[in-house]
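Below you'll find the structure, written out as structure tokens, and then a few comments.
Should a chain be cited, it is by its letter among A, B and C, assigned in written order, with residues numbered from 1 in that chain.
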Amino acid sequence: MKKFISILFYLTLPLSFISVSKAGGHMEAEVIHWWTSGGEQAAITKFAEAWEDMGNTWIDTAITGGENARGTTVNRIIGGNPPTAAQFNISKQFVDLVEQGQLQSLEEVASAEGWRDFIYPKALIETCEFEGEFYCVPVNIHSSQWMWINKEVFAKAGVPEPNTIQEFINVAPAIQDAGFIPLALGGQPWQESLMFDVVLSSTLGRDYSRQVYGDKDVSAFRDGRYELALQTFRDLNKFVDEGAPGRLWNDATAMVVEGKAAVQIMGDWARGEFAVAGKVAKEDYNCVIPGEEKYVGLGGDVFVFPKSSDPKVKEVQLKMASMMVNPTVQAKFNNAKGSLPMRLDVDTAAADACMKMGLELIKNPDALLKDSDDYNSPAFVNAWDDVLTEFRNDSGYSVADAMDDLENVLTSGL
Amino acid sequence: MFFKRNLGAKIALLPMIIISLTVFVGCIIYSFVYSLTNSKLIPVFNYVGFDQYERLFKTRKWDVAVENIFIYGIVFTIGCLVIGFLLAVLIDQKIRAESLFRTIFLYPYAMSFVVTGLVWKWVLNPTFGIEHSMHLWGFTWFELDWLVNRDLAIYAVCIAAVWQGAGFVMVLMLAGLRGIDEDIWKSLSIEGIPKWKSYIFVILPMIRPMVITSLVLIAAGVVKVYDLILALTSGGPGYSTTTPAMYVMENFFSRANLGQAFAASIIMFISVVCILAPWAYYEFYFRNREAKV
Amino acid sequence: MISNTIEARGPRPKHLSIGRIGMYCFIVMCALFFLMPLYVMLVTSFKDMDEIRSGNLLYIPKSLSFYAWPKAWGEACTGFVCEGLKPGLVNSLKITIPSVIVSVSLGAINGYALAFWRFKGAYFFFGLCLFGAFIPYQVMVYPLLKIESALGIYSSLPGIILVHTIFGMPILTLIFRNFYASLPIDLFKAARIDGGNFLKIFFYVIIPMSTPITIVAVILQVTGIWNDFLLGLIFAGRDNQPMTVQLNNIVQVDYGVAEYNVDMAATILTSMIPLAVYFVSGRWFVRGIAAGAIKG
């Protein structure tokens, strides 16, 4: 019986070696990413095409869901079978990997090509730089501080389009009376916390955001302003329909596109949904960054390159890193993705009215907002989001309780 | 002498012994050791004592998860047993097309949890699902908002799970019923006891082993419930349908919070041991001794 | 022996009483409830998106749309590789078949050794092994990763087969042991007196009697392994990703347009093999259990 089992093992072994031998060639690179939907696929294809035009092979490992993809990357690093390159967000997600010496330093190519001179905004350099060396390549910028407005719905309801969250709260009952859903929301934790962060930054400003998320200043957190933001967040709840829990963000966007809902608070990627539906920016729909002061956050994606014992792999990795920041590649990639490039000398002629607003804003260093995940570990951010999502969904969860639970997270050292 | 006796059996059981020791026991020890660290994305030995456990018990989400696993465990287990038994009794009534009905009740068991979750999410969706259908038929009062109602969402999970698991219990129970001697039925009918009474008071105790087996097989699934909830509610609305297994998984994967994940999984393991130990003691020690006597 | 225990006792009643009509009504309603999700999946997969958004979930499609099926099978994209579920089918077979054979064989031999060849300490390890059935497998993911990478089989076919064998072992060992423990011990004693050794008795006496339990074990393992998502994702390696992982890639879109008809078609396609196994062999499954494959 044992013999039989071992024979079986040997029989199945070659099956796995066939695939291994494929990967033994010249400049081959396996890339793990989570860009699996329409526009994202188009964008990652631009990278792959550019790579293959250089005479190389691109092995695509697309895994749906950032969590699954990042988990796979980490598992494979631990298991000793890392990919050539892997996607992470602009955040602290991969700090551990750098600290444990698992990532390839890109300093050679970064200093040779002068990355520090052309990467813009400069805050992106902070994300990638550890002890004077580059460990990641930022590839695009997304901002999440946008309010998407269906102009027709506001016209029908006979109320002016809002420029701030408070203005929206003032006119929302009229929209409701006119038979529309004032606020389209997808009830997933990340969407709820995105909305809350917009409420926070647009009403309380960027310095306050830094004090709480960056400095973890308990007295600033407890000075009454955060409670106010939570209360506003809860006030917005009245204008959300019951079907929200679990709804995908693009289904919520579709509600605004189709004129069922008036407003969605969502990142700049929502623009793609309007474009697909043939809607024109500033004519059919409007994009507004709410608040007296306009801020844009720096979200987006980076690629990291896990260390390998094979010196040839390093060569491949540096070459790919260099390709990703190339201005021509950047233009193609970001136009397909609908995101902003990570350098200013990129051709953005294809940008629409809303995208141009974003491009203008990131040129002003005072308008740049650091999100909680620029300061904090994923564990911290997610524990924070837990409280926010439960707070939105459970009307019995009082502001005071939520404040206590948030303070626990704030002081937890996560 | 020791090695010679039952040598074949010893060699044959070697894989089981090695796996039990290295994987099962080894993993528990490994998890416990790293639950005492503040490991984030990858396991690193930075000793922090029982901080992770302290944090775990201070987390509201964990409380919700524990509460949910009790609700799910009780409703799912009882639901499966009651419906499984009921269906088995019905099928046992010499009905026509017996094997057709049996197949209908059993097929959900062949589906993966992901599929079960997806299809029920679709059926219970308040915008497109059954509620919408009823409204189109004019029953505008009809409400089925379980998935978006934070108090009821966990019961929606239970329904989907019972739908999937009841057929398997039915088969086990049916096998038990078919093992009942014809003479018992004869004597029961001679004494004029109504059929439903006979099933509940006489037959049910007789198929007790099958009930226990069903219970064990169902219970082993309860602790691990993860894929189903992920596909059905992703733990929402809010985090009202989260479970301990989900808590562990998200800390492992999305949150890069390994220390916390290990601590939570150790607590899960200890709870399972506490529930299981008395049963295991009875089953393998007490009963074996009984048999020898 | 098997066929006797499965059929209902005696003939069907000749007359339909009111009670029996009521019973039939009830059982048909139950059946409809159990069938409803499958029906919804089927009709949804043949609708186009407009009808799905506006129409009635329970109605049959107004016009049959065959858009979803070929897309789910061979065109849906993951990244820029647009091969749908197709490559997953082969991978799932490559994983499931050897895993089932190895794990069921191991379970059988364990059960046999435990039932007939007890030695000191065997039951202690059996108890440990049983606890394995209740350990949340999340606990074991990281250590197993380490073990497999030390063995050099991480993210390969042998790697995932080993994982499925490990996770299947406790329950399989339990049901095989229980089945063998219910066999008449005299048979075994006679075989020993005839000079049979461990392997000989197993092959010539035990295996021929193991049909019902083996069918049950195989069916349980086929569906369990086929439906696994997490272990396949982590341990199989990028070239062996099972169908469920591909299904997940199609249905779980965070930032894309959800096409429910394609989702449903993909779901049915993924469930096809275990469903077929149940439809074809469900009868033997029930018989196997009735013949004592699973006991308390």
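One rule holds in what follows: a contact is a pair of C-beta atoms (placed from the backbone, for glycine too) under 8 Å apart; a residue touches a chain by one contact, two chains touch by 3 or more.
Treat the numbers as computed from the prediction; the structure is a model and nothing was measured.
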If each hop has to land on a touching chain, what is the smallest number of hops from chain B to chain C? 1
Any idea which two chains share the most contacting C-beta pairs? B-C
Most remote chain w.r.t. Chain B, using mean C-alpha positions, is A
Per the C-alpha centroid definition, the whole-Å distance linking chain B and chain C comes out as 16
How many angstrom lie between the CA centroids of chain A and chain B, rounded to a whole number? 36
Quick one: which residues in chain C touch 2 or more of the other chains? 106, 109, 142, 199, 248
Where in chain A do residues touch at least two different other chains? 1, 66, 68, 71, 78
Residues in chain B with touches to at least two other chains are numbered 12, 43, 252
Quick one: which bits of chain B touch chain A in the complex? Just the residue numbers, please. 11-12, 40-44, 55, 58-61, 64, 121, 126-127, 145, 147-148, 150, 153, 233-234, 236-240, 250-257, 260
Hey, which residues of chain C end up touching chain A in the complex? 77-81, 94, 98, 101-102, 105-106, 109, 142, 145-146, 148-149, 154-158, 161, 199, 202, 233-234, 237-240, 248-249, 252-258
Touching chain B in the complex: which residues of chain A? 1-2, 66-68, 70-71, 74, 77-78, 93-97, 100, 102, 187-189, 242-246, 377-379, 382-383, 386-387, 389-394, 405, 408, 412, 414
Seen from chain C, its contact residues with chain B in the complex are 5-6, 8-13, 20, 23-24, 26-27, 30-31, 33-38, 40-41, 44, 52-53, 56-58, 106, 109-110, 112-114, 116-119, 122-123, 125-144, 147, 166, 169, 171, 173, 197-199, 223, 226-230, 244, 247-248, 251, 260, 263-264, 267, 270-271, 274-275, 277-279, 282-283, 285-286, 289-290, 294-296
List of chain A residues in touch with chain C within their complex: 1, 4-5, 8-9, 11-13, 15-16, 19-20, 30, 33-38, 40-41, 44-45, 48, 59-66, 68, 71-72, 75-76, 78-81, 248-251, 269
